[in-house]
Amino acid sequence: MIAVENLSVVWPEFQLREISLHIERGEFFALLGPTGAGKTVVLESIAGLVRPTSGSIRVAGRDVTRLAPELRNIGIVYQDYALFPHLTVLENIRFGLRYVPPTDRPAPSWLDGLIDLLDLQRILHRLPLNLSGGEKQRASLARALAVQPTVLLLDEPLAALDPRFRDEIRHTLKQLHEQFDITLLMVTHDFDEARYLAGRIGVLCNGRLEQVGPAAEVFQRPATPFVAGFVGMKNIFPGRRCDDRLEFAGLSCPLPGEVVGNPDHVALRPEDIVLRHQASFAAPMVTCHGTIERIVPAGFWHECTVRCDAARFSAVLSRRAMVEGGFQEGDMVFLGFEPAALHAF
Amino acid sequence: MIAVENLSVVWPEFQLREISLHIERGEFFALLGPTGAGKTVVLESIAGLVRPTSGSIRVAGRDVTRLAPELRNIGIVYQDYALFPHLTVLENIRFGLRYVPPTDRPAPSWLDGLIDLLDLQRILHRLPLNLSGGEKQRASLARALAVQPTVLLLDEPLAALDPRFRDEIRHTLKQLHEQFDITLLMVTHDFDEARYLAGRIGVLCNGRLEQVGPAAEVFQRPATPFVAGFVGMKNIFPGRRCDDRLEFAGLSCPLPGEVVGNPDHVALRPEDIVLRHQASFAAPMVTCHGTIERIVPAGFWHECTVRCDAARFSAVLSRRAMVEGGFQEGDMVFLGFEPAALHAF
Amino acid sequence: MSPSHENTCRVRPGGEGIRLLPGNRFFYLNGFFSVIILLFILLPLLRMVTQPSLTDLLATIRDPEVLASLWLSIYTAGAAAFLSLLFGTPLAYLLARHEFIGKKLVESIIDLPIMIPHPVVGIALLSLAGRNHWLGKVMASLGVTIMGSVTGIIAVMTFVGLPFYINSAKAGFEGVPVRFERVARSLGAGPASAFFRVTVPLSWRHLLCGVILCAARAVSEFGAVVIVAYHPMIAPVLMFERFTAYGLKYSQPVAVWLILACLGLFLLMRLVARPMRRVP
Amino acid sequence: MSPSHENTCRVRPGGEGIRLLPGNRFFYLNGFFSVIILLFILLPLLRMVTQPSLTDLLATIRDPEVLASLWLSIYTAGAAAFLSLLFGTPLAYLLARHEFIGKKLVESIIDLPIMIPHPVVGIALLSLAGRNHWLGKVMASLGVTIMGSVTGIIAVMTFVGLPFYINSAKAGFEGVPVRFERVARSLGAGPASAFFRVTVPLSWRHLLCGVILCAARAVSEFGAVVIVAYHPMIAPVLMFERFTAYGLKYSQPVAVWLILACLGLFLLMRLVARPMRRVP
């Protein structure tokens, strides 16, 4: 549905380099990356609001690289909603209809269905000013979908919302995707959001696409240290393979099953680390010995930094594990994890 | 050290009503509350930057209610650092010294000690513009402490910082408090921050002080539904006591030990709830039966909403518990918790 | 002009309220100086407005010469404001939306008419329209004269009023997020359509303010007009003539009527602007 | 004035860059209108500046009458700017820091001098200084005259220049977060000390801009000055006289020198302002 080939956007202060993306009809694709990675630039290039320096963009088989944005039929929804403040919700929704040729106009039932699904009936004649964030985002979705775009681009659609509306809109997006069979390309910096909504994920860093793949795969087998950090593998060490063992951070452990070739990094999730006062770990576990440097309580868990001689590990313990273990800053502890939890790349 | 009696600030759009606070010499007190609760107004009243409508403020035994701010000798540190951008770090730190009478001037070792502890040596002659958030906040702490204030007020000192600097400044604050024996009053919206740093906590909501007490007590025994929600007890139900049992949400369970009098609310932390597919709970556990309505993955845990006939429970499961249990949206599950986990008030 | 435009058009940042804390001699000192300045502005005007008797005022307004000059002032200032709206809007929009090399220069050029001494403006326009310049010849052959004509008055007024409209309009356009126009275009609107359906409705207050300021500046111009066209007489020129010919006492009533006409005009425009639906 | 103040003092929002997308006939149409407007402003000025021969220009600048009038213009405008700085700063600071009932009214009063036709300003100031007003009597007994005196010229120039300084200074003060002053006071500084050690160093660019704008407006004033003081002659009045007495050709060289003097003055002030350490 969308085929982006070698897209580059070069500005004095920013570069987007050779992005290639293929998104299928009806797919929900998420482009993930930290602030400033260039996610929005990719979206706006596709929508025609940014002029690419090189590369081509095809949408529904048509080359749109040099087409004006109003001729592309691509919807876009921004995180700040961008509802026209001088128009009522209904006028906002109907804004684009007059540009649709009479022959292509969507059936009235299309609009009604949208308004129903997005629960806008009660606020159709209100101005956006006093709507809640959730209502605004629903209205903005309806406006973009009213003209039946071939693709809908979502720019951090949940970022500006209160947590309570975030759940609601996340649910709405999932429903929209399931019921209306639209192609969605979402940009976000929140990995959980992407994992919950999207089928496939692309990770962008500094204007470069680091990894593309199904959500579960990106989560379990990140391809680069950056992606690993981004999906929550806080412990990333340089490492190497010695025959059938993996060496890193002064440790040597059996290879986890998946490793092929010669990886140069080893990553471990902080929640896969177990702390004990005694070295009572069962057979396959890898252990080492260290000191708790810092304990920071954060919500439901505690984050412990443990210094072993060669490296610093970050471990996450539930409050219960914390209380039962009686860990304090400065304690000497044994740290263990299963070799299967390691990810080498 | 600080005695605030019946402090009220009444503005057209905001009211702070009858706040009374007593803070001892050398104490680290945290005033906790959501945005807009009036926390900063309390601080600024104490500092003399807001004129109270009624009430009195005594600092170090002296009534300062009508005193100009420059005569109070109270330091204040804002979340946005408020370093004077036209002065170097050292000039910022020395800004207040010329107003201290020569006889009271702190010894040069005081300043040196501050600069050492706050690690400002390297940046003394730089302008604030290009400093990192952490450096700015350390400079701002040094500036406030340079004139040896009787009390230091902190307005969300960690809120504007990147996570990596937040840990650092949190640590610095703890060190400052331990090594310099200063009285600290901090305002924050983050419960974990307050619990980590402060000895006692006051919870402010809508301009009213809801509860004051030691951090652990506020966490374990919140006094009102608002405080309960604020300290993470997501499940709050109206309830009542019937002889030696507690009735709420269609359940009846033995009284947890602490209950006195006739409570009308029952609260339960989401992480104290266990979900199972079979009703295989041991004796003291209270159980009920329901449907998983929604599962939202969030970082290291999953948040499950379970609908039992009369009520909706929110439970937090670790990723491991989630995978091992194989829970899906729509599953029928048994929900259990220990009666001791209940808090009635 | 942006000063009054700032006062009238822009939403102020949240008020801090007067919170008089103890020890505010500094505040009272400031207040004292402020009152002096306000009196310096107000007293002469009040004195002038209250000095002429009602009879004098009534007699003056029945004077056809006065009426004609007032009408000419209003009419030419309105024309200048209209021309500024028509030609200034595109430039204001370009400046608000695009960055380009030399933008600072263009902005300085727009501000030039504010800085230039007023009689110089008149002389400059006459220099261009002179018969020994090709443009002057073209204009002459078309029957357009600048010297002593209504056309000349309007040209001068447009020249001095333009910066006020352009700067206000530019501020208005800058206040409309580009995002709105982008969304409009993604919904199928062309650039012009997006401009008229989104940008203009969201900045009309600034545009109107700009028109008012431009008209105000145009109506108040004297130095440039008196060079280009002593006749037909606009009100300030008439007042000047009465002052030089008959003295202060005879010029005051005309001044009062001119002030009242200006104020009335602006109040009227304000009222017309008010009941429009949906203030952004 | 705020227009040029906006161009010179305020940091612009991040540039969008000219990104010409396909289908931008609208852009070219705008560009066309913009060029017309820029030519309308530039052509007359260029024509006027290039018309007099170098000999004429040199002869004019050696004329002691011209030199005296130029010097008087610069001197009086400087005095007006200084008075505005002295008396306007407190009012600007009050307006930037406090909300009070009638604030809008005070702001409108400050803007009045912009709106009022220029000769009316002169007539108003003369009305006040007349001998049948108590203030006029007081001034006369002190030996202060407005009519035909340098004092009068400065008074008129201050009157028309004030709003420009006050609005620029107010914008400057508003740009300094109150928080900085609060921190200063919590560190022991009194209100005046906080103002001079924190607020002024952080807003000096706006203050300087205000002074420049005020001086520019003062130097360009003609209509009000010609009423109050035809003699001593400031440069615009001299130019007007030459124009009426000898015609366009003889007034042009004076106009060129006046423009050059203004531009030179402002460039000088800019340069003086530049090398100051620590731009906020």
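Order of writing sets the labels: A, B, C and D. Residues in every chain begin at 1.
As a working rule, contacts are C-beta pairs under 8 Å (C-beta built on N, C-alpha and C of every residue); 3 or more make two chains touch, one makes a residue touch a chain.
Since we're looking at a predicted model, the values are computed, not measured.
Visitor: What are the mutual neighbours of chain B and chain C in this structure?
Guide: Looking at chain C and chain B together, the chains touching each of them are A, D.
Visitor: Two chains share more C-beta contact pairs than any other pair here; which two are they?
Guide: C-D
Visitor: List the centre-to-centre spacing of chain A and chain D in whole Å, with centres computed as mean CA coordinates.
Guide: Taking the average C-alpha coordinate of chain A and of chain D, the gap between them is 54 Å.
Visitor: Find the geometric centre of each of chain A and chain B from their Cα atoms only, then give the gap between the two centres in Å, rounded to an integer.
Guide: Here chain A and chain B have centroids separated by 30 Å.
Visitor: In whole angstrom, what separates the CA-based centres of chain A and chain C?
Guide: 52
Visitor: Got the chain A residues that touch at least 2 other chains?
Guide: 48-49, 68-70
Visitor: Going by the contact rule already set, what residues in chain D reach two or more other chains?
Guide: Only 17, 23-24, 190 qualify.
Visitor: Provide the residue numbers of chain C that touch chain A in the complex, in ascending order.
Guide: 177, 179-180, 182-190, 193, 197-198, 201-202, 278, 280
Visitor: Under the stated contact criterion, what part of chain A meets chain C in this complex?
Guide: Touching chain C from chain A are residues 44, 47-49, 68-70, 72-76, 78, 80, 82, 84-86, 95-96, 99-100, 127, 143-144, 147.
Visitor: Under the touch definition given earlier, write down the residues of chain D that touch chain C in their complex.
Guide: For chain D paired with chain C, touching residues are 1-7, 13, 15-18, 23-27, 29-34, 36-38, 40-45, 47-48, 51, 87-91, 93-94, 97-100, 104, 106-120, 123-128, 130, 133, 135, 158-159, 162-164, 166-167, 171, 174, 178, 190-192, 195, 216-217, 219-223, 226-227, 235-236, 239-240, 243, 248, 251-252, 255, 258-259, 262, 266.
Visitor: Quick one: which bits of chain B touch chain A in the complex? Just the residue numbers, please.
Guide: 167, 170-171, 192, 195-196, 232, 271, 294, 296-301, 316, 318-320
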